[in-house]
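Next come two complexes, and both contain chain A; in the first it sits with chain B, in the second with chain C.
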Partner chain A sequence: MKTQQAMIDQAKSLLKKLLEDGEATAVFGLARGMGGVTAPRIFTMPDELDSLVLEPKWPLAKPAMEILRTAPGGYRLAVVCRGCDERALVELIKRNQVDADALVMVGVACSGEQASICLCDRPYPSKLDIGEAAHGVDPFDDPGVKYLLEGDTHTRMGRWERVLKRCVKCYGCRNSCPICVCDPCKLEGEPWVRRGIIPTEILSFHLIRAFHLADTCVACGACQEACPAGIPLVTLQHAMRRALREGFEYEAGLDVNEKTPVLFDFIQAPEKDRPIPDWINTLRD
Partner chain B sequence: MDCRFVRTTCPFCGTGCGMLLKVVDGRVVDTLPDRESVVGRGHLCIKGWSAHEFVHHPDRLTHPLVKKGDSFERISWEEAISLAAEKFRGIAEQYGNDAIGGFSSAKCTNEENYLFQKLIRAGFQNNNVDHCARL
Partner chain C sequence: MAVEVSNNHKQQKATERTPRILVFACKWCGLIGADGAGRKREPLPPNFRVIPVECVGSVEPDAVIRAFADGMDGVIVMGCHLGGCRFNDANHAAFKRLELLRALLEGVGIGRDRLLVTFGTAHEGHQFTDVLRNFTNLIAKKESLDTSWTSSRARMI
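Up next is the complex of A and B:
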């Protein structure tokens, strides 16, 4: 396992070369600034990269997309990508939100420790430039995930209601989600979400969001990390992602050319022997 | 394109969550929570998430206005401060010092609130000072 410093050094030389060779107009990553505090930064000169760091985890896909949206023609942005950043950007390319030609993804591996915090089953990008891939974690082994996804419908609904009623409707989940790009957003008005009501209606707020992202969520955890109420939002998506994996052998963010089965498989008749995923078995009770 | 993330503190309440303002070519265009902030720890409420919206808003007051008849007219800072001082002095002379009080704001910095209470206590000579967050 490479030390953190070795990874940073490798990233600096790789990214400096991208800027020097004109492969990228700018680099988007994290910098340690005044007082040793880390924040996202756009590096345009090779020397500026001396302040580059790779920790802590800071989801960069959405700000990267927004930078590219307002960038002038010919602008190419190199983005330091963790596995989840890469997968989010792949989904954004699929949905024509990011121009693949304007993007250079530089892949960085997450530590095993980070994978355990995120319950990430794939803590590395497909194009790994820096660091070594750590082992993933099966989110369904986590007691907190089990608590919310196991049991009969009534039990689970009760548990989810208790968790979701903590919502203060800050829209942090929507704002931080790299995939939440609908304009206008369904969560911003009638008839789905009433203004001035807190906590929000569970079905029309949280489940609209969950289903909007069902085939796109890459489980980066940005929503959950932004939630001031500590709602385990990714747990909703773990269930959706497992259903897609088991039902359609599909996983979001892996292949830019792979179409989502939600939009492209719906005319196929369901196979008789296709098993119903365990997590929806209780719908029959 | 010059784009930078500027660290600051949310102006909306006394909690003081850390946030980053995204500044593109000198204009504030977006807010991100500061994950390194020991106060907010990467969280913001809906006010914080929208904090950039008022900065360049066309309805924002950017200079003093005085009401003349039914409309407001622009005046200089010098005129505005002189006018306010004159009116406050008039009220104090006519009704006594206790007739004046002040409401400060949780959106102000500690230093601004210190100066404000000093204006009331040392200037107007009373303790009629409070703030908007005590609703």
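Up next is the complex of A and C:
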């Protein structure tokens, strides 16, 4: 893999420069350590960057947030971001979970192969430093997504039931999600989901979890990768992401200054003459 | 709100054919409309319960999800007319949120039409009756949602 090696070399020189110039106190990325094990690592010395790798995909946004939470003042962390990591960090900045000044995002493009695995329609960050942007994949072209999201509701309900019944309620989807930051979590509280009781209350657990991320989900797929039962959790989000795109022309994680339309940008408010979109009147269908 | 009901509840459900409907009614419009419908002795289907809320803006989508999880076949959220909310634009915010929830319900196969969001004013008791009757007819055509999806013991009705 020549291009892969070239990308790593480019990343190393770029990150070394960041560390040497003092623009970043540390670099957060993936390292191949002893025994060929790849894991996230904080690089503080330029020499350490020799072990840096860019593959495989490893969602770094959540650990980066945890590092910055406990970091001392003046600490600047450079994070090697894929497109989804960058969008997740943008969402965290919007919600005041990450200090934007303490963060240097170094954008890495995903390969087309990775994009087709993740069903990612945007496999590149907005600020691309390393590599070339691959073409995105439309998730609604995927047969698996079509199977669960398109067609008669009655048959699809049966399909979803079969899929979601596999849940063992390990809370892995919540814990791995870069944007799930609430404390206390509603999935642990008595009126919504009873803790420690199996089988899972499918509807309340999964729909509440999915809906809490409705306008925030960046479709990084961390929940799906963490799920031991292989539930296609991102497919739930695709339905809402499509509704947001069609109804509000909004996509999560693209712009730090763009606020979620579900809470802001009232439709009628400043201009009285603007028509209310059709979708708002549910009496019609 | 959640009440533990023993097994006689299940037997009752097996015989009843009418769908179970939960109405979240805003205290300033929907609830007064419901009251008016009752006072005028409008013939209403017997299968609904009303939960008064201060404003539809305070209806969490989670509460709607929970209602479905507790075996409701349909949920109606009733607010004031757009532009007529007591709390400025709170009903707009609620509608946008619930529209997103409808997209999720459609995605997961429950169907977006099981959640109805309507607007009315305090004097529209007849509208309340109409909405409820039409919605009951619509939901009655669908199969009951109370299948193995729901494993929670607590019941709302």
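Criterion: the second predicted complex is superposed on the first by the 261 of 285 C-alpha atoms of A that agree within 3 Å, B and C clash if a C-alpha of one lies under 4 Å from a C-alpha of the other, contacts with A are read in each partner's own complex, and residues count from 1 in each chain.
In this section, contacts are C-beta pairs under 8 Å (C-beta built on N, C-alpha and C of every residue); 3 or more make two chains touch, one makes a residue touch a chain.
A quick note: this is a predicted structure, and the numbers were derived from the prediction, not measured.
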| item | value |
| --- | --- |
| Which superposed partner A:63 touches (first chain B, second chain C, both, neither) | first |
| Of chain C and chain B, partner touching more chain A residues | C |
| First, second, both or neither for A:153, with chain B first and chain C second | second |
| Which of chain B and chain C A:259 touches, first, second, both or neither | neither |
| Touching partner for A:240 - first (chain B), second (chain C), both, neither | second |
| Shared chain A contacts, counted only where both chain B and chain C touch the same residue | none |
| Contact footprint of chain A on chain C as seen in their complex | 2, 61-62, 65-66, 68-69, 82-83, 89, 92-93, 95-97, 99-113, 115-118, 131, 143, 147-152 |
| Contact footprint of chain A on chain B as seen in their complex | 1, 3-5, 7, 20, 22, 24, 29-30, 32-36, 42-46, 48-49 |
| Partner chain C, residues of chain A touching it in the complex | 148-149, 153-161, 165, 186, 191-192, 194, 199-204, 206-208, 210-212, 214-215, 235-236, 238-240, 242-244, 247-248, 261-263, 266-269, 276, 279-280, 282-283, 285 |
| Chain A residues touching chain B - in the complex, by the definition given at the top | 33, 37-42, 56, 58, 63, 66-67, 70-72, 75, 168-172, 175-176, 225-228 |
